[in-house]
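Sharing a structure, written as structure tokens. Questions coming.
In order of appearance the chains are A, B, C and D, and numbering begins at 1 in each one.
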């Protein structure tokens, strides 16, 4: 299918052309070219999504399509429904980000547009790829573009080291991945995902090498997914990066890390490590739970709106990981639906933050107290986004939550819905609290639990397109709410997840050109329990959020105790790259060690 | 003895990590990141090596000759380009931090943040 | 394993340690170049001439120019009192 | 976090990571006993299939040419990034600043060295499919030729040759050209980046088919990319000496 490479190649070519000629062209041409090619990618990704309903589309670069059963010497892509859907989500958000930054008047704006397009194309390429080294290449391309997008036109003079910390953490993550790839290559002599998986399964050796490769690749991708203790870079990077870039960071880049863990597990390791599913599940669940809880707690203690949203993303990333860790297609389908709703809603919230920054030159919750009343459209978008993230019955992230909750409950993990509810209430309440203060002027402009030092912010910019920016935020927020209302999404996501997790069929299609067996027909039913949990999270988010604006009226012993509990957490998030790398190493050691021990016993 | 080159790669990776964590200068730290990355070159090339094999260049040797793996060498080439590109970018980021904070010491910079 | 390979590996192992321990950035840039050349030798004895050539141009041209550029930039500003 | 806490966290992590890595690599096939099959298959096929003598270059530009496209784009993104970040810090265009060595003898030597380097670079690129070398290695040497012009001649001359206004388009042309060649093959009815020209005779300069064009395109991207990076760092230093930084 010839459109497969065009989804990625057309934007990359356009980016190069913009860099080539942008200096001599008016800004509007670069913007228009960017939007046009992103629109093209969006259309092509939609076509791919439509055509992958009952099959897996393979594409071999350089014409190196192997004969059935023979060795693949080239690079192959295998486009399945989840991959195509993810690529579509990336192009949607990229389109919104480009439209939002339309006609930004800076001298080098054309390079910014070019890099934004490269960033999107790299993520699309990563999720469609079926070759492990090719994935690494796109992973690095995505990272390099992301590093510069963080630092360029930094919206805060300090702390600029956020971009540096981000770059170092993610580069080290990529080394872990590459080391794992090298180990797999040494064992199997293959780079195609399906071929590696098949060979590992046939060899049937689950020794230290397989354990280490699995641990290294997983931990490397967990850095991108911002799971504890690999998450430190995320808040710094989000605080520094411009709002439209944050939309992509929170909406899809973090989720690329989650996607990668799932992709690698299901294509490469599921066969050889299949009998160790239960301990692997426990380790990954543990990581997810810690992340979800920590993100929710930290979100409650931020006054910098973009940091607050960043910690909310960490909380949700933990929930995504919990869904993936269950290692079943139903939960994975839930994660997919969840990611879509979260991406739109969180994108809307970041854009609202960007509007505030443009209008007032400030994103500090307490300093902005009441100023948001001048921006009613933003206010609606903000609360619509918050509502979508609160997992209300039949809206927003509800379908995803419900699928994960139901699957976990039937598997005996009764506590998973509790953790998801805690993470949702904690992170959403913080968003509601900030919204009430900023847009409604509610409560007190003083809060004992928020870190005291506001970030330094640039002066407000004069931008004619404030209306357009708010409109885009509103559209994204409504889209976030709407995807939850569409129950067909959940059904299709689960069907797609069945294909995604079917290692044997994947290998048969890629290596032997067989046809894909149809996934079992799914009809998704809401259970009473999931609706009950949705009511709990909705009411809980609203109540806790509303109560939080009056935190300085809480009894003093309580606030002091809470403050004392938060102090070590603040101390750990030091902004020092040396600390971050130390945690990264410890995390790799612990997660890797636990995985290795569960696979082949004590050393 | 037969895994010595692999252990060399592990050693270099760990040494680079120590350098990163203990570094007091962002430029120094960037070089330590490159050290970590050079561990991956060594690992890849060591995996593809064959005793008594020659380089996979058939200009002067017959194609039947035993050669080492060309694929890992190609992967290493890509890896090297990535390393240089990332280093140049990291240094530019370090310069920007220096411009904003007037210091290259990660501890000093972090203190400013509070 | 050939003796030459063992010697090259020892040099690389020591070189990496020296790069990390060189706390002064100017000295470190110098040691890093030498480490780069020891890698070139290692790649040659690993029968990877293409990689060796890459490592040669990278550690002989690309890294020194960029590193010296960055170091000089920071030193220049400190001395000139530009800040 | 205090230094002591950090070192405690780090050293306990390091021990675990070391154990994990050692356990992993000790299960690899013993050094020198590469078991294949990918590399062996390519080494066997490359001459009959592609008439290329250098199997590594064949993998880089033909079998796995798509990875190399990603690699060139990484370089493109990084070079653009360096330009973007450093330019943001300079308040003026620095092309009016003149710096450099005034000795005519030294300038003569410099010019000669630049020419020699330039020819050498073209050699390295051209023989990529026959001997070790190719677009990347030659491209870096090519960018060194530009750097030589700067180091021994006045800054203004370098600025004309390799300043951003020259290096930036070259780099974009190389990276874009690589993608374009992929799409061209697609438009002609082949696979993306498929080698669609006659492969020539093994060992001859004109072997390689369309992968040879890809090779030159990558040389362009690499030389432009590195020249841009060097140029930005050099301008940065010149600007600092003249107090033209900061806002």
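Following the convention adopted for this analysis, a residue touches a chain if its C-beta (ideal position, glycine included) is under 8 Å from a C-beta of that chain, and two chains touch if they have at least 3 such contacts.
What you see is a predicted model, and the numbers here were worked out from it, not measured in a lab.
With centres taken as mean C-alpha coordinates, the chain found closest to the middle of all protein C-alpha atoms is A.
Chain A and chain C, compared by their mean Cα positions, are separated by 37 Å. Rounded to whole angstrom, the centroid-to-centroid distance between chain A and chain D, based on C-alpha atoms, equals 31 Å. Chain A and chain B have CA centres that are 28 Å apart.
One simple way to say how far apart two chains are is to compare their mean CA positions; for chain B and chain D this gives 16 Å.
Among all residues of chain B, those that touch two or more other chains are 2, 4-5, 13, 17-18, 21, 43, 46-47, 49, 51, 55-57, 67-68, 71-73, 75, 77-78, 80-82, 84-86, 88-89, 92-96. Contact of a single residue of chain C with at least two other chains is seen at positions 1, 48-51, 54, 58, 62, 66, 69-70, 73, 77, 83.
For chain A, the set of residues touching two or more other chains reads 133, 137, 140, 144, 147-148, 151, 179, 185-186, 191, 574, 576, 578-579, 581-582, 585. Every pair of chains meeting the contact definition is listed here: A-B, A-D, B-C, B-D, C-D.
Those residues of chain A that touch chain B in the complex are listed here as 133, 137, 140, 144, 147-148, 151, 154, 157-161, 163-164, 167-168, 171-172, 175, 178-179, 182, 185-186, 191, 453, 574-579, 581-582, 585. Against chain B, the residues of chain C that register as touching in their complex are 1, 5-6, 9, 12-13, 16-17, 19-20, 22-23, 25, 28-29, 32, 35, 39, 42-43, 46-51, 54-55, 58, 62-63, 66-67, 69-71, 73-74, 77, 83. In the complex of the two chains, the chain C residues touching chain D come out as 1, 48-54, 56-58, 61-62, 65-66, 69-70, 72-73, 76-77, 80, 82-83. Of all residues in chain B, those touching chain D in their complex are 2-7, 9-10, 13-14, 17-18, 21, 43, 46-51, 55-59, 63, 67-75, 77-78, 80-82, 84-86, 88-89, 92-93, 95-96, 99. Of all residues in chain D, only 6-7, 10, 14, 17-18, 21-22, 25-26, 28-34, 36, 38-40, 42-44, 46-47, 53-56, 58-60, 64, 67-68, 70-71, 74-75, 77-79, 81-82, 85-86, 88-89, 130-132, 136, 202-203, 222, 225, 229, 232, 236, 245-246 touch chain B in the complex they form.
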